[in-house]
Amino acid sequence: MNNSVSIRDLSLSFGAVKVLQNMNLDIRDGEFLVLLGSSGCGKSTLLNCIAGLLEPTDGQIFIKGRNVTWEEPKDRGIGMVFQSYALYPQMTVEKNLSFGLRVAKVPKEDIQRRIARAADILQIQPLLKRKPAELSGGQRQRVAIGRALVRDVDVFLFDEPLSNLDAKLRSELRVEIKRLHHSLKNTMIYVTHDQIEALTLADRIAIMKSGVIQQLDDPVTIYNRPVNLFVAGFIGSPSMNFLHGELVEEGGRTVFKTHGVSFSLDGYEAEGALTPGRKVVLGVRPEHIHVDNHQAGAEMHDAVVDIEEPMGADNLLWLKHAGHTMSVRTGGAKRFAPGTKLQMSFDMSVASLFDAETEERI
Amino acid sequence: MNNSVSIRDLSLSFGAVKVLQNMNLDIRDGEFLVLLGSSGCGKSTLLNCIAGLLEPTDGQIFIKGRNVTWEEPKDRGIGMVFQSYALYPQMTVEKNLSFGLRVAKVPKEDIQRRIARAADILQIQPLLKRKPAELSGGQRQRVAIGRALVRDVDVFLFDEPLSNLDAKLRSELRVEIKRLHHSLKNTMIYVTHDQIEALTLADRIAIMKSGVIQQLDDPVTIYNRPVNLFVAGFIGSPSMNFLHGELVEEGGRTVFKTHGVSFSLDGYEAEGALTPGRKVVLGVRPEHIHVDNHQAGAEMHDAVVDIEEPMGADNLLWLKHAGHTMSVRTGGAKRFAPGTKLQMSFDMSVASLFDAETEERI
Amino acid sequence: MTGLAPAKRPNQLFRNLTAKIASIPMILIALGIFLGGSLWTVVYSFTNSKLLPRATFVGFDQFERLWASSRWIISIQNLAIYGILSLIFSMVIGFLLAALMDQKIRFENTFRTIFLYPFALSFIVTGLVWQWILNPEFGVQGIVRSLGWESFTFDPLYNPDIVIYGILIAGLWQGTGLVMCLMLAGLRGIDEDIWKAARVDGIPMWRTYLFIVIPMMRPVFITTLVIIASGIVKVYDLVVAQTSGGPGNASEVPAKYVYDYMFQAQNLGQGFAASTMMLLTVAIIIIPWAYLEFGGKKRG
Amino acid sequence: ADLEVTHWWTSGGEAAAVAEFAKAFDATGNKWVDGAIAGGGSTARPIMISRITGGDPMGATQFNHGRQAQELVEAGLMRDLTDVAEKGNWKEVIKPASLLDSCTIDGRIYCVPVNIHSWQWLWLNNEAFEKAGVAVPKDWNEFVAAGPKLKEAGIHPLALGGQPWQANGLFDTLLLALGGKELHEKVYVEKDAEAAAGPEVAKIFEAAAQARELSIGTNVQDWNQATNMVITGKAAGQVMGDWAQGEFQIAGKVAGKDYSCLPGLGVSQYITTGGDAFYFPVLKDEEGSKAQDALAEVLVAPETQVAFNLKKGSLPIRGDVDLASANDCMKKGLEIVAQGNALTSTDQLLSPDSQSQKQDLMTEFFSSTSMTPEAAQERFAEIISSAD
Amino acid sequence: MANISTLNTTAAGFDAVSDQVASGPRGRKPRRVLSARNIMLYGTLFVAALYYLLPLYVMVVTSLKGMPEVRMGNIFAPPMEITFEPWVKAWAEACTGLNCDGLSRGFWNSVRILIPSVVVSIAVASVSGYSLANWRFKGSELFFSILIIGAFIPYQVMIYPVVIALRELGVYGTLTGLVIVHTIFGMPILTLLFRNYFASLPVELFKAARIDGAGFWQIYFRIMLPMALPIFVVAMILQVTGIWNDFLFGVVFTRPDVYPMTVQLNNIVNSVQGVKEYNVNMAATLLTGAVPLIVYFLSGRLFVRGIAAGAVKG
């Protein structure tokens, strides 16, 4: 049995609202799975179902091959970390960590040992005697992780654990969680709507929309070969540029044409047939557009700088081109004033082409 | 008169707590100034003083050359946008926008005209009849901006307007605010603790710490030439790598030495004297470390990959090197498994050197 | 995938059994006392029970008599006047006081204690004091007259036309403190930024309160409403302590009618009929509201 | 054994009288546990009824003599005292016999009458009349005539408390005194609605309207506060039962000298005899029951009767006791009873429910001049027609 | 761009306003103590305070006067001769029926009734509120709605059913019975407050505790209770006030040897012996009100905080 968590035909409705619909999902042992999706798509609901905090309307949940659909949260071998930390405010950190163990009547020395280990891993030994109110956000979240850690569980569930923290702390804790996963090798299911977190942490990402999983793949595949328009637009910040147009036969080759400008599709690995006349959407990521940088064989197009956003390490340009506004990522060193005219080229090998109707990848 | 807002010797205390201390600040007409700093450093307090919502303990505030220290908020020619939107929940969007104007007995047609303009700029025409509860976070924030917009003010104040939104919306609204500034050319003062916002939006950034401005400069300067350790560590994500060591005379040149490894300082533009023996901190940004990429004359150092974080467009590597852990940003294409041994070099021309004691840039 | 055997949904009755067991007192009280007692009352309102409940049914006789009784009509009128005025005034005064207290004033604690202390005193007690202060001979009227305004009249408890207002004065005195506390709590819960936004918009204080803050305090108003309104419907001590329903029957209230007919006149049937009418009125008002407020929406 | 006795006798004279009972009862080796509830019957009655129906009854409880306890008896909750009564030969000694009759249900005796109260008294403050310059009236008509003079002198002619039963009692007194025995019996015994609507009763309502006029401005609630107005000379007279006498006594006033009393309002020589009685709920324990018997005996015993009634200002229930120490007023009352001019009181004739309705009417009538005698009489006739 | 980390020195445009620096408003705007706003504010509060204090003043002043002075009729005049006799009499000498030991007789009874009634009623209501907020089950909202309607039923109407219920339970006339009665009638409002309070606590805490394996009671006692202090104070104040001042249940559901203080108070106030002894009445009143007042004073601040938490979330 190499599946740690399996979900079969899971459905959940709140009254008339169907939040999850017939979901199937297998999470491998030791895998770090990230559930990514916009607000209200049902990520927390799914996590709560796995944790046993919500009762599914239909379907089954297996953890380590055991059917836990109707079991109590505590018997499922899971630990959970919440966005708002959910530390017990009146207890010290130590008490917070040991609460579950004391409830379960684990022997004293055993509790001590486990707390020491968790404190060690998370480097919170100096905080053990403090109360949550006396901790910073990052420390609180570490304690919250510790609470799951001491329970020695098979599966860790994280519900947007970092979204209450500021950017700096977020990136720090992200690394720590990743490191934790490397050393513990537990199965982890991690809910977020921050794609940087998803891309950096995940072994596989499940992208959800209205209670349905759109794509379940490793980050690189998701980033470079999104299966549909939704996934493509959802992942990547600033998001992929979409150009609506159609496929046209030109000079014996099929090219993409929009607003009278045609783009060669050389280098694009199509999955379906590139039949001329098909209405399609071409998606290109900002970093796959090159400006003023003649590459071998690249086709150049004119554009005008609309806005420039320096982001430290690199620069974001908003270009106007044939009725589209496109974002382009360039190196941080070069600056472009608004109004500058320049030339750009697309890297077609990592572009995406979608059917305009089905929105599926071609 | 080219100063829009001038602050002279401003101090503010809450009881015994001195929040702002003798602050002086001049904001040019039409400038986009971002106040950046960690939580509790006094950003909101300063903004509230400018808005007239808090009374300074001492000092003066000028807006458009007029001393407004004792004036009511409404008479200062300012508009303000809050993190929590602060929309009037029971009024429609239209009412929210017009309430202040109606109170001020602005003629009906005038109100209509201004609302139409604001709605046009912010693209919220379809929302005018809705109530705040029926809007998404981004739409609410747009309405909140609209409320400042209709008042036709000289100075816009933003207090972390985007921090309640999710990453995607945040980046969209960021662009909109920038565009708004381009078209309105008002003075804008913008508080945030998100550095991406600061870097992308600001004409100038004021970095604050405990009520004192540390550095006031344009984003590029702040990013590349931070004046002290605090600013250097605060800006940039993942943050600058700091190596503690000292200056040593080696082969006739002053080099930086840490844990027995020495780094050449060739290319570094020092402001002070690089006297050997001085204890210093070397700061290098992740994107200024190059791995496995022999550059002309670059000095190579051995390192081991600890963790790899793919972030879509690029990769973040955490390297172990001589007792330090360093983050390095590489292109998204190449992957490095943990444990990989590689070589790295620093780009000294954009590195920073700080005195270990005073923490000031050398 | 083998071995993933489906499991059957366990009996819903036994899910979270402890919670259900722990709720038994509440369920018993709700069903056994409040619902059961109400039904019992309604059933016996159709009997001619005298001193003891007796199941001899007489149809609507008791109700006919009830509605023919001028005392009952007066009682209802009084309750309507008292109830509406008391609701309005205690809300308005409570809110005004809370708004004043919210101006970052000095001695807030002292003022709050002063306004709240009447709530700690029982009406057996305070009725007497008010009876006294409102006594024309040695109360306020007497004092004012002795100061020279000979024609000054202020004798609410002794004038049948205005006696209910006299009772209102004491009722407000006792109850507004609590309302003020509730309102103050509500005001403190309003987002600080709303105030700032209103100030930047140049909206005067009173308009901010009226058009922005009050609509935001809906939940507080609802809790307050339940507490005040339940007190109003049950008003009895206040009247007995001050006027015993007098002068004449000018200050009678329904709860007193019920009580007097049950125990004084020993006509339980009549008392039950009156209380059935009260229950009916309350139910007509409350049930739709309670359904909207507590039954309609769900929380996660 | 300890016996809890509930009653609402808490005013000065009443409490002193109860103490006599307690003293006598304690002397039998039992103990009187006092459960006084101030505020009159309406406060105390729900407590008593709840306690009895709740299965945790007190040992004995005061009730107004009348039909109030009938249902409790029928429900078997009250102790049958027939044995005690036979032993004490109550049938012979208790006078008038109507007192015991109202304790008798289906031939069994369930209560112990302890005193006779009569309602039909006009109490006058002699000094007040002196001050107003009129002679102390000899009957109701003279009293009414003196009204204007009294008012001139700044004295309220008639004190009337706000409690509903006071207005009701005043009316019944007027009806008996001015209308005579036949009218009283026609209306209250036969419940003759025609008579109630007739001209004779109309005259009574006229008189009541006069009384209403005289009582304007007496803003007190309790009966003894009204009595106190008479005692202190703020008011000239009060129509009140013989219990008012106890208040005069406590205030150290002397009958005949400081105050006058006119039974039957000085017009007719009839009084009604109502009064208080003690009931004994069925107790589960043997000892308690024995103590109940002992208390029942004590209550009727001649010595206790004398001691109690002297303090209470009411008449004893037995004709065979010596009331030498009784004052003027009491003697007048005793005489009337001895002549056999004692009639059954309305409390016994009407159900509490009908009484309450009548009471509501009278309260309304006496409290506001806007109700005409005719309108009041119409409603009065209605109540009588449906009375039980 | 030059490094301008030290901003106190010259910056662009400084000169433009430098001439205004000397003049013009500076620092905090001066406020007159007697501004129109302050006069209005404190004036209104002061007048309101007078209205609330007047009865208390009358009570205190009267309770310190002798009867002759009281009879003179000016209830607002301060006592010419202060006497504590009324207090002594109210506490230890006033008679009801045959017992002349004043309020002291009922005081301890009241305490004996108060403590278990407050504890039990709050315990039951808080558990119910907690269950309603966190452990919803089918019909729980219906029961709650019935409770809320129950808040509007006059107590008197319910006396008979309650008497019957207690009789059937065999606890009529015992302290247990009285405690049950207070629990029943305190239930609606208290449950409302507790439910709202617990609903306002973050759900995640509850979820976390469930994952930690804590059950219904463990979550209640170890997680919820320690966080619910403010609302407990509110509930305590409401119940102490209500139960201490209760008269009806105190007499209907007990026997004379355990009658609460209010029965004595009622007897003192309602037994009129000639002229009412107003001074004793007032002293008795103040003595009876003392306990709730003390409880209130001791918990004033928590009270407002608790009310806030319990009431604001609907």
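A few remarks follow.
Residue numbering begins at 1 within each chain, and the chains themselves are lettered A, B, C, D and E in the order written.
Assume contacts are C-beta pairs under 8 Å (C-beta built on N, C-alpha and C of every residue); 3 or more make two chains touch, one makes a residue touch a chain.
Treat the numbers as computed from the prediction; the structure is a model and nothing was measured.
When chain pairs are compared by their number of contacting C-beta pairs, C-E comes first. Centre to centre, using the average C-alpha position, subunit B and subunit D are separated by 92 Å.
Each chain gets one centre point, the mean of its Cα atoms, and the points for subunit C and subunit E are 16 Å apart.
Centre-to-centre spacing of subunit D and subunit E amounts to 43 Å, using the average Cα coordinate of each chain.
The set of subunit D residues touching two or more other chains comprises 46, 53. Contact of a single residue of subunit E with at least two other chains is seen at positions 156, 159-160, 266, 269. A list of each chain pair in contact follows: A-B, A-C, A-E, B-C, B-E, C-D, C-E, D-E. Per the touch definition, subunit C reaches subunit A in the complex via residues 1, 3-7, 9-10, 15, 298.
Subunit D makes touch with subunit C in their complex at residues 41-42, 45-46, 49, 53, 68-72, 75, 162-164, 219, 221, 351-353, 355-357, 360, 363-364, 366-368.
Those residues of subunit D that touch subunit E in the complex are listed here as 4, 6-7, 9-12, 15, 18-19, 22, 32-39, 43, 46-47, 50-51, 53-56, 58, 222, 224-225, 228, 231, 247, 250-251.
Touching subunit C in their complex are the following residues of subunit E: 41-42, 44-45, 48-49, 51-56, 58-59, 73-76, 124, 127-128, 131-132, 135-138, 140-162, 165, 183-184, 187-189, 191-193, 196, 199, 203, 215-217, 241, 244-245, 247, 262, 265-266, 269, 278, 281-282, 285, 288-289, 292-293, 295-297, 300-301, 303-305, 307-314. Those residues of subunit C lying in contact with subunit D across their complex are 50-52, 69-71, 135-137, 155, 158, 160, 243-250, 259-267, 270.
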